[in-house]
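Each chain gets a letter, A, B, C and D, in the order it is written, and its residues are counted from 1.
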């Protein structure tokens, strides 16, 4: 790709898509060449010379979008949900016929959330204890959050791999719910507080010390740096990638 | 009382009593004149000229200790547990016969814990949401902690008195325990982490802002400033006082 | 005033004024009857039957606005800056001629910031150490923030009144600036971090324990609950009031 | 080495050495076979069959201790300070003549502090802003702490390597010291609060989000897990190693 990446946005008039358009326009190394939404012809991407697209649309239309883009050799950075093993297999088939084209499917574009999960899993085998606390606004329907569950699963897996013993807990008398939810042996607590957006803390502890890793998302625009990171890395990652963490050079 | 208060310690060889002895000796305005434990004659207090005692002994012996002290006009600052309404009534009777003598019964000598509860209850009516998180070492048997339960009760009472509506919570799908324990309508979460001592956080939130009040007890000696505050105030509070908060000039 | 307060907003098309309009419209007990900005006739307030106004305008025009409102018996809740002793004296003169009318001048409408300052000052005499940390976005021009300076001044005054000794500090070797700014003997630290809005923490510490009071403002709308509190209380506070804290029933 | 490592402690009657002795005795896979201090013959290590020693002594005697141990093929885990390039070169010379023997020189045995520095440096290139806050008891002589300076240097180096621009800061009016100390372009703030032990926080921020990594050392015993980690890894790391981070499997 050239120094400035020509970007098309699919779902451009949605709330998230509009934020993506603004971020692509604002960055020095990306250029918004096509803003496409329901009803617009997807061929506009080709006419505009888009090298990569960002897709925040809907599970019903995303596969059609990707089939078109991959066939045209346009890279795709995808935040749309609903990818199961069947869909991923189909995608891999299309990509096999279009070598050099990359598709990134990312359930989470928050770089902070990705680093938090990564660091928590890396640190977990060094500590006796670890718990997860997530804090969100009170209009959220599920508890704990998907990110908190995923974090606990990653921590549990890292501890299993390292042969860590179960976390200690001498609780013998307890009010129902006081010790949180149990996710693979890791305790997870969900708080719902007006004024908050999306926050999570992982607390690890050993003899005489604790290590705390906290992520605060204060604004919905916090996912846009992750989308730009995806756009900047996609040409160098042909084929299918699941998870933005593979684009972050952490080792 | 003179400028330097002559203090006797009952239970002086226990873990807590020994800390009290050290603190009384270290402070410029208190003097340790008698260190009494099981087997020692309590009359030593009188011979030593003790003006006030600190009692961290046992529910089985504390009433005998206090009967003796009140009869002798010696003030008492008491951390021993086990005071029910009957015991308090008995104490009041003894104190009626010894005007000018003061007894302070305090379930909690941590000034920080008292301030946290006080501030949380004062702030609670101004916010839509409030939750309590307590964090302790993993050898603790009960969850949530007594202080956390008491804090939630005080918050709930302050909101009832102010006519505050219930805290908002749209949770419809939840893992068991994820939203913590319910104490009078206030959610309380208990974490157990090696390396921690005793910590508590009250998080209050309204439109666009949160207020957090956090108390960290990092060392068991943290109760000694409260004991000294009790000794300094006891002569000015004749009769029975329950709760160190009445000695803190907060209004 | 009736059950629903009829409110006029001055400076209604400014960023802050527009938020005030939204909040007044959203609340069940306030009604927006006039939205006035530069160029609009202020008499619209009278025609609309406004019982109270909110003024977020400019130092150049606020005195004219208030002279009109007070003469008409319209209460005023004022967030505009620039009030010195001369202006306050002039205001008091106008209010003397209009008994029953109230004017609230508030440099800060954040209830959380007010509670933080109040609690910090109340707790400060009970602790050996206290420091203030404020955290803001990196586009802020002044350091420390006005709220942090004011907090430190209030803490210092409370300690002087209580006869507290200076805070301990054995620092003998230091990089320039490492220990923060000195405001009346209290250390204040200013952080500038992208992603943050406006945050402040007061940390107090004594033997073995710390008490932390933290205020997080995550959204500029966080001042609107304070404006509504001002509107609800203004009829009961005739004359001049400086500071929203006088409308909060904290004792 | 066998399943249980036979350990000698040099400086065994010092404050730190005594903690090491306790930790070595308590762990299931280490056995304390010799406790040596000034005046004791170092040959006791050989008689006791020590496979590894821990040295927390003094710069004046540590080189003599290590010359003896390396000559005898006894591994060494060293917390004593004062190692400059000359001393390290001398050590390497001795180790060349004793292949299979390992010496670990570690300025910091706190696993939490090591992970904090590592994670902070790994995350720093992904964020616009980053600052360091360290908090200690008020008897500390230097500000900022050595760990905070080191953390800032590592962050600055990581950002230079990644081509990150300077952190943004629009401060134009400031009280002296308000923005902290400047360490290689990274702001560092030092707080001194009674009741605290040793704590540090690294705050990173980008558009709409922050990531915070915090280490709390609540008890001086917090270095002992790091010493045990050193003992467990030393046989597998012959030659000279500087820094416990090389024994932590983080990648």
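One rule holds for everything that comes next: a residue touches a chain if its C-beta (ideal position, glycine included) is under 8 Å from a C-beta of that chain, and two chains touch if they have at least 3 such contacts.
If you want to know which protein each chain is, UniProt gives these names: A, B, C, D = 4-hydroxy-tetrahydrodipicolinate reductase.
Remember, it's a predicted structure, so these values are computed and weren't measured experimentally.
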item	value
Reaching subunit D from subunit B through chains that touch each other, fewest steps	1
Label of the chain whose CA centroid is most distant from the centroid of subunit C	D
Copies subunit B and subunit C touch via same or different residues, half shared test	same
Approximate Å spacing (C-alpha centroids) for the pair subunit A, subunit C	39
Whole-Å gap between the CA centroids of subunit A and subunit D	34
Centre distance in Å when subunit C and subunit D are each reduced to the mean of their C-alpha atoms	46
Of all residues in subunit C, the ones touching two or more other chains	195-196, 206-210, 216, 218-219, 222
Complex contacts: residues of subunit D adjacent to subunit A	110-112, 115-116, 119, 122-123, 126, 206-222, 224-225, 248, 250-251
Subunit B-touching residues of subunit D, taken from the complex the two chains share	195-197, 216, 218-219, 222
Sites on subunit A touched by subunit B in the complex	127-131, 133, 135, 138-144, 149, 167-183, 187-196, 203-210
